[in-house]
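Please find the structures below.
Each of the two complexes below includes chain A, the first together with chain B, the second together with chain C.
And then the complex of A and B:
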């Protein structure tokens, strides 16, 4: 019995050499992160290699063969204007990723600035910022987005700006909570006691410690934005055609659902897999970076 | 507790004011003169002047908001530009359809999430757990309109089990239920994922507690423990989640109602956006926002009510 215990302990020690090893262990053991990473990496490969991967030009219309079924030339059929569905899906991924990533970055920048300011400088500034956050959050997000886009018109730039401002409100609240909890740390108190200027505390002490946890929370918003863009395009208020987008592909499939019911499947599956991938990746990463969960993963 | 509730309600007033001001400023965001947007390009000068007067478009936003509240106190939300029907009538006609859908979906999800979440927690790390957890994760990731479309495809078009569109005949409850099942299932997928995971997490937390171990050592049957302690504790966060889910539902309802052709609030909103019917848009968004805010507030307060630990700080 003693031998088994010794052996186990030796193996445990061997594995635990170095902190990086710990992360690697958790990474390998986490199914979530594994599947998520595969899906996200596949998505990015598709996005980058789109011109090479797509068999046809997604804008080219071949109206004679509209709404055709799976065939050798058109692997997933054609839409109502004769455009190849597979190419539309491949190029549609570019639109989704572009809006998702850039929109999230914009939301992150806004939320980080406002959230940190609100968490650090209490008082009237905080109340004003909170008022902005709550006013935006008091609408169901999709309805607010619909209403604003219908007023200012839909284009990729407008969509990114609207997403950035609207989703920054919820993210900003979370970042404010993170800032408040970081402010309670002893080193901040030490910095104040030692007479650091407010600006120094903000930039040199707060920001680096707030950005870490914030980034992980922000990562959860990429799939939300991709879904919102698809939803907008589905309602006709999203990316203006002929730019390929999964939402518009789903919309065309829905409009022709009686004649070509299979058309809604490829973009829906693409959207679902993308969101699944990002969700799994973000959650898996959050688990691996959280010391408690990381320990659970390694032991399991 | 009461102080918290009152302070939240008071915070509601400036928020709603911002919301109203924003809604009124919307018509000015659109390119061009708002009067032209309402009247169309071929209206005469008199019509334009009349419209400007009726909608108070030349007055500052605060004054417009004032007129809106004045009308609100009289019980009117304005009149649709397109068909001159009072907005409140349209809203009240559409509201029951959406509420029925919401309650049905919520009820269905709640029961299913409790049962499956509990099963998943009790038989942790067995195939039951893996299947349920996997499914719930998958369901979170699939947006409501995608699952609605796939359900429509499978159960309405390919296998004609359920009807495609509509609400069902007025008096016939069974028919209405048939029309409800597919949209409610589509909406419940997303909620189910979250609730199931919450229930499972709570179950695991409670089952690891010391008093549960003590009860087991006394020989109390497992089922009693699951029912009396685990499930009761699990219900609490789920109830708060339901409150928040109702709020989100109002957004998702737009898609589901469009796909299944249900004449509810979502479709009312989508139609008013596409026809640029501003009074209907403003009235509907206003009412929807109030419902959303109240739902969130109730969810917050219920959390405090159901869990005494939150109340006492």
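And then the complex of A and C:
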């Protein structure tokens, strides 16, 4: 008996290796995923190693050298208060990623609980939740964000909370749709005929099946939130000034474009590369995780 | 329990559907009974109310359906008088289990097959125990080990190879036939008094179907489960059923032991159905079919519902509702002219 089991295990491992190799091959062949991964990984390295990588203290002002040109001490020049632009961008990545990731997580938690409940409960509860979603969705996101932020004041925490609530109502509708389609699956019916309680069906059968597809949709909200944060900071309503942020840096560059035209470029390029990285990463992953596309990639 | 006692008795059950302002009768005064270890085959075209009847026994009909009259007696208790809560706790998944249509997809894709079988046992053997006893991890581990062993044993009984390895695999790693066998294993593990099987072997090729059916039959004999087997395939019923009830437009038109039904069908609809089987056709000729289709639930009259399609219909068929004719103690026909139609 044991021998058979061991043999089975070995075969299973071989199978797993085969599958892993397949993924690896597809990963190598997919240019999109390759570039996307490099960009995203670089971004995360910069976020983690910011204190080591930044050549200067991003908060340290040096008014004598304000708006200085590219030089050996200031690789990307300085802004209107003489702060090192490169260090500002490196530290700014922390703000962006922090808001993007934590905001998306908050949105995901809210959307998952409300969306699944709406999809499963139906009736009056569903209508109330959908009413809330639609009420939030009926305003353009940026206007609503502006109104709420100017009312409660801008800080990183406030921005995360506002983003979480507003984007959760966009995400929540998608999750509700996913839930409804999972609800119609035969295995849910089978669970009902076996006398499962509603709680069991919701937590044991629905949640695990909804989380997978929802996570993929949720991933797209990280770049959206980074972008929104930059937009907000550019308008001066984002993270409060001493904290470095790409949006704020772009604003400084924009304000001083006549005296130091190079200043607007570095933060904009950083933002653009981040967007590109996340989008390529998502698209590439979609190709590699789809068995059909994966086959195409390996053959080509 | 006495072997001859009825496990489930349906008496004059009627079910209506309400769509908009219209009300239609989907099931009309259906009666039958099943004994322990007996297989009742329910056959008929699509839209005859077979599945509605099956779901009504578990009281899981859609919101616009109502059971308007009748009794369902399970081991002496009337199911229709039980509260929803009692029904869920005592009947669903305990006394009555169901193999639903699309059997192959009724395993949850995110848990291993073993986990799901294990859950079923745990749900089944829930006993009220003191708080201290629930912290007795040693005892719990022992019991879990024993449950796991029973699951694997059951899988082996359903002839799944390398059951202990398969136990920790996912549903998508199983073939269609294997998934159906796993579902059957789970149903028999619950050891129900009545097992409702709603087309459990659809989507299988003929040889696998025959194999699964054979296995199913042997397990029914072993566990002495009463089975309601719903299908539109009479050929399957001839293999598996002890008793066959032919349904047409919500009523049972003929009910008889399986040999008698195939040797001596009396209702014109039964005759037509048997004629439609490919086996009873002549080589080279077109297959038989029954002209027309099942009337929609809103167009049904009190009179014989098969009359418009019936080649033997006479004047009386359009004037009065047919009465149940008793041919023998176990053979019933719902037709005016069953004596003259030969």
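Throughout what follows, the second predicted complex is superposed on the first by the 266 of 300 C-alpha atoms of A that agree within 3 Å, B and C clash if a C-alpha of one lies under 4 Å from a C-alpha of the other, contacts with A are read in each partner's own complex, and residues count from 1 in each chain.
Note that a residue touches a chain if its C-beta (ideal position, glycine included) is under 8 Å from a C-beta of that chain, and two chains touch if they have at least 3 such contacts.
Source: prediction; values computed, not measured.
J.: Now for A:227: first (chain B), second (chain C), both, or neither, which partner does it touch?
T.: Touch partner of A:227: chain B, not chain C.
J.: After the superposition on A, what does A:194 contact: first (chain B), second (chain C), both or neither?
T.: In the superposition, A:194 contacts chain C only.
J.: Going by the contact rule set out at the top, does A:123 touch chain B (first), chain C (second), both, or neither?
T.: In the superposition, A:123 contacts neither chain B nor chain C.
J.: Scan A:150 for contacts with chain B and chain C and give back first, second, both or neither.
T.: The answer is first: A:150 touches chain B but not chain C.
J.: Of chain B and chain C, which one contacts the greater number of residues in chain A?
T.: B
J.: Across the two complexes, what residues of chain A are contacted by chain B and by chain C?
T.: Residues common to the chain A contacts of chain C and of chain B do not exist here, since the sets are disjoint.
J.: Which positions of chain C touch chain A when the two form their complex?
T.: Residues 58, 60, 88-89, 91-94, 97-98, 100-103, 105-111, 119-120, 123, 162, 164-165, 183, 190 of chain C touch chain A in their complex.
J.: Name, in rising order, each residue of chain A that touches chain B in their complex.
T.: 131, 134-135, 138-143, 146-148, 150-153, 223, 227, 230-231, 234-237, 250, 253-254, 257-258, 261, 264-265, 268, 271-272, 275-276, 279-280
J.: Contact residues on chain B for chain A in the complex?
T.: 11, 14-16, 18-19, 22-23, 26-27, 29-31, 137-138, 140-143, 145-146, 149-150, 152-153, 157-158, 247-248, 250-252, 254-255, 258-259, 269-270, 273-274, 276, 281, 285, 288-289, 292-293, 296
J.: Which bits of chain A are touching chain C when the two form their complex?
T.: 1, 4-5, 8, 12, 185-187, 189-197, 204-205, 208-209, 212
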